[in-house]
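Chain IDs A, B and C follow the sequence of writing; residue 1 opens each chain.
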């Protein structure tokens, strides 16, 4: 942040910033509509088109965090779709608008399905290739698209058979749709729904283990974003009354991306403001004559440098810290699991990376109400086993079931939904979310406060997870895992970083939770922590189970000693 | 015979694209961010060379200036130096203030720089296509039916020297090792006492020097206009992603692949078809190898 | 957004003072809407220069009580910006005509606006379809593809005796329009092109398409490419030793294109164009060329001259007493204007230019000579 953030400046409540921005945007559009001429109305209508495009991009690029370079192509598909249908068959915008949205959404789906499993840069490349194919298509399929010239004579908007005139009427329709689009986007991304996106974006590993189907969510955001782009494209061609390959140029995406970053990637109000400002700014600099676009670039550069977190981020300096999205509910509920206990069954699981064997025929089970400790030296395969059990990795061989459900080879969210939760060796918490919201990403019943109290988290639940110490993070993560209504929880080194007092509290808690019928698989080195609570201990060494038994048996087992301390030399 | 001619031209084109892509990778590795102005910097490199040609011919004695060959040879190092200097300024203005921001913010700041470059140069120099002097005179020689221009050889030679030099720098020298360490884990590198910010500035200077070389060579062979940057950027981006994000060798391989489609495939089909095929092939390869075309098998996303 | 409102306020205030102050001089506006940035900035700048030269010289030839205002608005590379520019320019007092962009796609976006406002568009865009929209407000002062491509084809067929021509065009609006005309014209003449291929403007190496032409046994190259690609193709054809005639599109007549090539590479090639002001031979054009050079310090081309003539015809209408857009449109659609490049008269759809020339480069000069004139190609005048 380049602007000082002293506490004194934080005088406004968090909700007021977007409200003020929306009011400014609304007032500008209104004043332009009332006092402006055709030119002002045209610029505002085009600003509205950009605004819809940006709102759509906030889904795929903002919320889903995917560098989708095909968003401009979705815009073009909507543009050509609505233009061709209205021009050829004289169809009403009430038909061509939704058609345009459907075309673009379908295109987004077609792009999303094969490429979603790609990691970021390759996803960007694949979407770029798709976008270039669309450009190539509209330029070269001359009989359909009119080629590089485009198609003239696209009618203006017609709604219920009435032609919407250029200027004010057109402006009203466009901004009515912007308002509707903004409302829909807000409904889809605010509150608990928005938390899911944050979890997916900031903790991609943990999201699946909370039962979030991230692939589906990413596809959804691309498709919804595509539909917005399609609507924007349709409005653009009916406002300009011509369609040409310029709508499919990469520059459309570049402008949209710039607006989204300058406005604020997740803020609808910020997106609207940026669309309004940046679609007007080249016009303001026309006084610089031949240097006006360069001047516009310089202002853009200054904007990014002075407001790197977007205009909304810049204004947020004046606001108090945001309150958690989910309301505080007093911790009164029955903590008993609402489902029958189930057994986690691991049979003959093997996994190797390259030539290195990580797991080699591991079999054991964790029953309801049982606490099983998993020990072994570093690199013995403990975390790999946890990853495979929770669907983050696939076994080369073997089978994992939980109750009636087969987990091996299936996506991560399946395990979570079946009731198998986990924590991570390094806690995976969304750093920008408050503690309460972070736990709410796992909760389906709004019981986050109850669980935080239950695990003994005593600090402020309004602070962000990024501000927590290591031990507190563990507790929050544990609360989140329990909030998923897990019947069995895999804990990866839960006692690391805890004080002795905290560790013994945790041990007591585990005992109580197990008594209610939950199973636990606890990975740890700390024998003092494990010994009193575990029903059984399992020792792994180089991917094999070398010992199974009660804590007492294991502690005296020579093979275990050797694995930990090496062969006695003397 | 035609096939051989196509191969020669394809290599020269691929080498030129390789120079473009390498500069792009350098900044990518140093900052983790896409420098979207890189195509425009290549274009700017061409115009810097054009401006320097004017300056050099007025300073040099007539016998050198008239000779042509000397101008080209002097032009390359001076362009490299001027562009490297611009690289330091570029780093200071568009990167340093944003170094703690997410990469996409830097992406947008470079978009803004690209706008300034293409529109500023258009206003200053006009929109006409321009050409730079050749490196070693404008001649060509024939081997049977095969025609090889001096400039094609210059491009290949310069590219080999610069790409090889960069490889040597990155892999054999202390600076290169530090640069790679800083790219992999800036925090760790800082902790080990490596002056990461200084290395990033060096990366920008090197990247723009390469852009200058590419601009100088491309503008002579294929001409250049203030709006050439966009297409070059697209090619560099494709080349680098095909070649495996961040890999120097991969970027050159990716550039060669693009040149192969632009020249080889286009000669058998047509240019629009070849372009479409390139994208379809990319799509297909990414579908089969989600970790990139030449990309090393990266393990699990964890 | 505050700027927006300030602007409205400023317009209102100036309007107030203008209204109360000078009532004597009558004001008309001729805004200049041309692409001076982006990939058409070369052609757009010629257009701007031609229009500016005519407008700056206007004061000497117009009635003293008439004040002609003009301002240049960039239309860049998209219909969106062209529409913005038009609506902003239309706020000027009494717009009687608009100098409109060479970019055909932008013209298509401006046509309905011109009809709504009743303002004639004065352009040099060659794209055929702009005069096929049944819109009485477009006036084209550069021979359209119907004319220049006819001259292009006739020269290739009748003078050079093409039997196996290869047609190489661009995938832009300009390229596709020219390709459609040339291709049909040759097929109708029974000489179907042995190669008919379009390439993108960003293509760097022309070898593939040249080799395809060679393989197809072409006896002539017909180009319809933009400036840089035209020069690139000529250079590579020369380097390959492809010793067949080349007849190029208007881009090759532009001095900036010739500047990219050596004498050897240029020699023997020809190009179609509306005129070639630097070629000399006409005293009026020569003095105009001198004025152009001293004003803009660059060489003029046919685009600049065409746009100059177009604006001059609008000024002639004003001289004849036209004071409104409707008057000017009437004049443009009915009268014949004897311009520098040629005589202009509307064919009823707004095509004003009906002559084309073929220029060729010799082995001793970088200035092309006018090889053939094709006058009144469409038989309108």
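The rule is short, and it goes like this: a residue touches a chain if its C-beta (ideal position, glycine included) is under 8 Å from a C-beta of that chain, and two chains touch if they have at least 3 such contacts.
These numbers come from a predicted model, not from an experiment.
Engineer: Of the chain pairs A-B and B-C, which one is connected by the greater count of C-beta contacts?
Structural biologist: Most C-beta pairs in contact, of the two: A-B.
Engineer: Going by C-alpha centres, which chain is most central here?
Structural biologist: Measuring from the global C-alpha mean, the nearest chain centre belongs to B.
Engineer: Averaged over CA atoms, how far is the centre of chain A from the centre of chain C? Could you give it in whole Å?
Structural biologist: Those two chain centres are 52 Å apart.
Engineer: Taking each chain's centre as its mean C-alpha position, how far apart are chain B and chain C in Å?
Structural biologist: Their C-alpha centroids are separated by 35 Å.
Engineer: Residues of chain B that contact two or more other chains, please.
Structural biologist: Each of 119, 122-123, 272, 275 in chain B touches at least two other chains.
Engineer: Find every residue in chain A that makes contact with two or more other chains and list them.
Structural biologist: 139-140, 251, 290, 292-293
Engineer: Two or more other chains in contact with one residue: find those residues in chain C.
Structural biologist: Within chain C, residues 36-37, 171, 198 contact more than one other chain.
Engineer: Spell out the part of chain C that touches chain A in their complex, as residue ranges.
Structural biologist: Residue list for chain C touching chain A: 1, 3-5, 8, 36-37, 72-74, 76-81, 83-84, 87-88, 90-91, 104-105, 108-109, 111-112, 116, 127, 129, 133, 171-177, 198.
Engineer: For the complex, give me every residue of chain A touching chain B.
Structural biologist: Chain A reaches chain B through residues 2, 67, 114-115, 117-119, 121-122, 124-126, 128-130, 132-133, 136, 139-140, 204-205, 250-251, 254, 257-258, 261-262, 290-294, 296-298, 300-301, 304-305, 308-309, 353, 387, 392-393.
Engineer: Using the touch rule from the top, collect the residues of chain B that touch chain C in their complex.
Structural biologist: 2, 5-6, 9-10, 13, 16, 119, 122-123, 126-131, 138, 140, 147, 149, 218, 221-223, 225-228, 231, 262-264, 266-267, 270-272, 274-275
Engineer: Please give the residue numbers of chain B that touch chain A in the complex, ascending.
Structural biologist: 36, 93-94, 97-98, 101, 104-105, 107-109, 111-116, 119-120, 122-123, 230, 234, 237-238, 241-242, 245, 272, 275-276, 279-280, 282-283, 286-287, 290-292, 295, 298-302
Engineer: Along chain A, where are the residues that touch chain C in the complex?
Structural biologist: Counting only chain A, the residues touching chain C are 24, 27-28, 31-32, 35-40, 42-43, 46, 139-140, 142, 147-150, 152-153, 166, 236, 240-242, 244-246, 249, 251, 276-277, 280, 282-284, 286, 289-290, 292-293.
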